[in-house]
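Chain naming follows the written order as A, B, C and D, and within any one chain the residues start at number 1.
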Amino acid sequence: MSHAATPDYAAVLAQIHAEIEPSLGQGRVADYIPALARVPPRQFGMALCLLDGREYCVGDALVPFSVQSIAKVWAVALALRGAGEELWQRVGREPSGNAFNSLVQLETENGIPRNPLINAGALVTLDVLMDHVPDPVEAILGFVRGTARGVTVEVDEEVAASELAHSDRNYAVAHFMKGFGNIRHELAPLMRAYVRQCAIRMHCLDLCRSFLFLANHGVVPASGLRVLSHRQTKRLSALMFTCGFYDESGDFAFRVGLPGKSGVGGGVAAVLPGQFAIAVWSPALGRFGNSLAGIEALDRFTTRTGLSVF
Amino acid sequence: MSHAATPDYAAVLAQIHAEIEPSLGQGRVADYIPALARVPPRQFGMALCLLDGREYCVGDALVPFSVQSIAKVWAVALALRGAGEELWQRVGREPSGNAFNSLVQLETENGIPRNPLINAGALVTLDVLMDHVPDPVEAILGFVRGTARGVTVEVDEEVAASELAHSDRNYAVAHFMKGFGNIRHELAPLMRAYVRQCAIRMHCLDLCRSFLFLANHGVVPASGLRVLSHRQTKRLSALMFTCGFYDESGDFAFRVGLPGKSGVGGGVAAVLPGQFAIAVWSPALGRFGNSLAGIEALDRFTTRTGLSVF
Amino acid sequence: MSHAATPDYAAVLAQIHAEIEPSLGQGRVADYIPALARVPPRQFGMALCLLDGREYCVGDALVPFSVQSIAKVWAVALALRGAGEELWQRVGREPSGNAFNSLVQLETENGIPRNPLINAGALVTLDVLMDHVPDPVEAILGFVRGTARGVTVEVDEEVAASELAHSDRNYAVAHFMKGFGNIRHELAPLMRAYVRQCAIRMHCLDLCRSFLFLANHGVVPASGLRVLSHRQTKRLSALMFTCGFYDESGDFAFRVGLPGKSGVGGGVAAVLPGQFAIAVWSPALGRFGNSLAGIEALDRFTTRTGLSVF
Amino acid sequence: MSHAATPDYAAVLAQIHAEIEPSLGQGRVADYIPALARVPPRQFGMALCLLDGREYCVGDALVPFSVQSIAKVWAVALALRGAGEELWQRVGREPSGNAFNSLVQLETENGIPRNPLINAGALVTLDVLMDHVPDPVEAILGFVRGTARGVTVEVDEEVAASELAHSDRNYAVAHFMKGFGNIRHELAPLMRAYVRQCAIRMHCLDLCRSFLFLANHGVVPASGLRVLSHRQTKRLSALMFTCGFYDESGDFAFRVGLPGKSGVGGGVAAVLPGQFAIAVWSPALGRFGNSLAGIEALDRFTTRTGLSVF
């Protein structure tokens, strides 16, 4: 933030794209469901949206992909709007220090997930949200379409169905928390909402736009709509910063220094409060389930521009 | 950061002090060693140092106290200067998601501590530092005296001796890592250095000054001395943000939104990059070992001023 | 086994009953389902069946109760008959060293339960058994009725329904293992079979008779029917010895020195190979979920008579 | 125990030796210290001692080897003689369900080791024994020489020194328990006693003789000396049965069905109460640290003769 000159963002993005191009395809595309496994791995897109309205894109920034866990951020935002501070009775806000689908901590911590950005916490978040809206996925879609202006934001029902057919681990987590009384709705509609939320499909630019309110202290810049208070936005950003990248969250903070969230579809979205939102997509993942090229691109972006929260 | 007017910092500190005064003494003073257990619990001090040189104090800001784990930050800074990126071969940078003295993760992760701000990681950091300086505690003291201008920064040898007499847990951790080959020096001098580092004694204002280089992208403002590169400073700040408060790190980030570090002596130091360093001290601790009033004061400070990294 | 004179078993049982009478009701009746919670806690029955056909009873030995986890032993016996050694591809034979419903080890051991006498292992055992018999609970009932001659052995459908309504934890375990591919049937019929197996209702004397084949190296003494080979019987006895009492298995072995199995209904059944089967029932449980008076009675029995496997 | 004819033990041992011969050397000799790593792996010896005085040997039954963890059994016997039931205030009697040197359970169970046959429990046992005898290793040696009549039973000081130089993990465990107050003597003499106890060197026949009192309800048959009461012997046998083979204890019980104890030197000793003691030695170990050929030989012995506690 101390760098004097405004970067030439178009040039920075182009340069990063060129540098990363040769290594695209390293890592592994998520293969736990067939609909994700067949995505060609060498795709790469990046979008940057400034608060002043400027937008920059490179590569496959307009190719839709499955946002997967990135949707957890919108769900938390809506649950905070609906339930306010009561959400924190049902879910914590600490990094988990464990693989993203671990049941160990749930067992020692009485069914209260560590934070809303791991699967267990996202299920509780949806369970809370279902008390406040008739259909949580429609609510999320409406919100995203409003913030992103993206007409093509939609649920990929094939991906959703495929995830539902491979949801034993999530069912285990949900039953486990239900045994502690921390899931209150029926599991079938809850799980259906969960897999549909994960299966939301959109491109980098729309994803980037949809995160811009987080860079603007809770207000959607284009519409002036306040989604969250300044304080709630700070808190959600802190959650993304400490918990947004599974068991690689510390490393992402260390390398990139921005609050953000990844999904196993290969997307990453992040913000610099007061300045911009940025989204990258490249489907090949590293060992912790985050986009290899996506994190590398953001590392280069914040290192080159000197722009991070620190 | 979006707030238009500059806050009247003197008034803000005075107001927070007045608000917190009635609840001072709640919680428990660290009692694992006698020298800490007899500190009167109702003390409270706060200091703020801006990059432009202004300094503000309230309460017991000039009463010296034991910094304890806050010293880990200086040790990491010096180890980074000495060993550079090699440090990360020996210690990770992920939140631990466990009590601060846990051996569980060390066992599953082959003796590599999760991060340098937990005890295990601090021991490895010192072990690395001992390769680069003849006496690591003298190096830390010299560094702190230089950045803090504090003539009274010193090791409380009584506290150090008391800690050494209660260091079975840390010896266990050190032997455990030595069994994995991740401690290389003899344990006796290592442990002596560790307890002396923890027993450094100084007041809030000096502590605050000693953190100011972290708010200034690695350069000590008063002297112009570069301690760390911009990138190293970003990384150390990220570590503090995700790992600085034991198993309450996520909550501190959530409430306060600043990178910082606490110690069981009741001190907390934090920075806002580009703007200020801030330090609070109040000896009564909450259940995770962090100063209750210290965190409350910082929560109020960032909430009231709207100044946080988000 | 070295004691010269044959004990006067009737006198021994009567004496133990008298000694234990004053402390009956200490502990807690299982209260996780209403149908079990209302069982009067001060009941106590004990039955002893020798291989030579003699039978001894005291107290409430003819009052039916819910066998709960004791049924796991019959299920393993039938699964061994059906699947033979292949059973051990799906479930281990090590003590779990953890609470009986823990998911932790399942996670680190890829969905293979530690042994067939914990809930996870019993679900796998049923899943295996379902490949070999059309209705596993009917198979178990038929087997028990045959060995026990008990006309009143039946499923308490109210208890079964109540357990099914409180089976989130077991559903979590089952889904979790299904995610690893170690459950192959549909969960609904599997869970229905599981709760009905647990809800088998019979009295001490019948329970005792039903274990007699385990004391007779695999052959039902009354009918001459071979259920298991000598070697299979040894192995099943070893499993009961090391794993039959949840996280109190070592203590039971230590105090009593017989292979056996407990249930949260308050029943305990055990055998001395070559000599006898013994069953006790008293519904009030200790902290590990085993009948307090049941274990105390067996401790007194083996200590007084000097009869144990050691 | 139900088999009518007395086996021809000499023939049984010879046959087992012949059957096992081709597979000798599979597995890995313990290599964590050089003095053990250079033992030729294809050695195999077996000794059987009946209560009536008959003794049988095959193979390398008179070649001395390092008993390692087998010594834990003698230490428990002596600690029980010295401290009686108080020993159980300091150490548990449950299987650990974890690798033999795990610190995890110590942490959750406040420094009380699960049982005296894992390293942590053996250290506590020695710590207790040091309250009752001036030199615990001399006491153990005296006891073993008395029961075994073995003039060559001695400490291999080279092995002891080598173990001491590789004892960081055990120091970690000891410090950890000392932090909980469950180690009371100085660590240096405790650890010296521990490594010397492990380094006791003797051959199979002497080892077998030294276990014979456990088969005889606590009395050394040759001398008539009572070491433990019948009840204490039962309890120690139960401990060996549930905890004697690290995380392979259940499997040993399952396959062999005798109480016993192994050591990483490749030795295994076991007893059938009322009948015999048996010892095998072959240095190549399986993945859980137990002699591969030793367990295989005992499996064949109990399967062929039908002699086990079940």
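The working rule: contacts are C-beta pairs under 8 Å (C-beta built on N, C-alpha and C of every residue); 3 or more make two chains touch, one makes a residue touch a chain.
Remember, it's a predicted structure, so these values are computed and weren't measured experimentally.
Student: Please find the path from subunit B to subunit C through touching chains that uses the fewest steps, and give that number.
Tutor: Counted as steps through touching chains, the separation is 2.
Student: Taking mean CA positions as centres, which chain lies farthest from subunit D?
Tutor: A
Student: Using Cα averages as centroids, what's the distance between subunit B and subunit D in whole Å?
Tutor: 48
Student: Between subunit A and subunit D, what's the gap in Å when you average each chain's C-alpha atoms?
Tutor: A distance of 55 Å separates the two centres.
Student: Can you work out the whole-Å distance between the CA centroids of subunit C and subunit D?
Tutor: Distance between chain centres: 31 Å.
Student: Could you run through all the chain pairs that touch each other?
Tutor: Every pair of chains meeting the touch criterion: A-B, A-C, B-D, C-D.
Student: Along subunit D, where are the residues that touch subunit B in the complex?
Tutor: Its residues touching subunit B are 102-104, 107, 168-169, 171-176, 178-179.
Student: Per the contact definition, I'd like the list of subunit B residues that touch subunit A in the complex.
Tutor: 1-2, 92-98, 105, 114-115, 217, 230-231, 233-235, 237-239, 241-243, 247-251, 253-255, 257, 259, 273-274, 302-303, 306, 308-310
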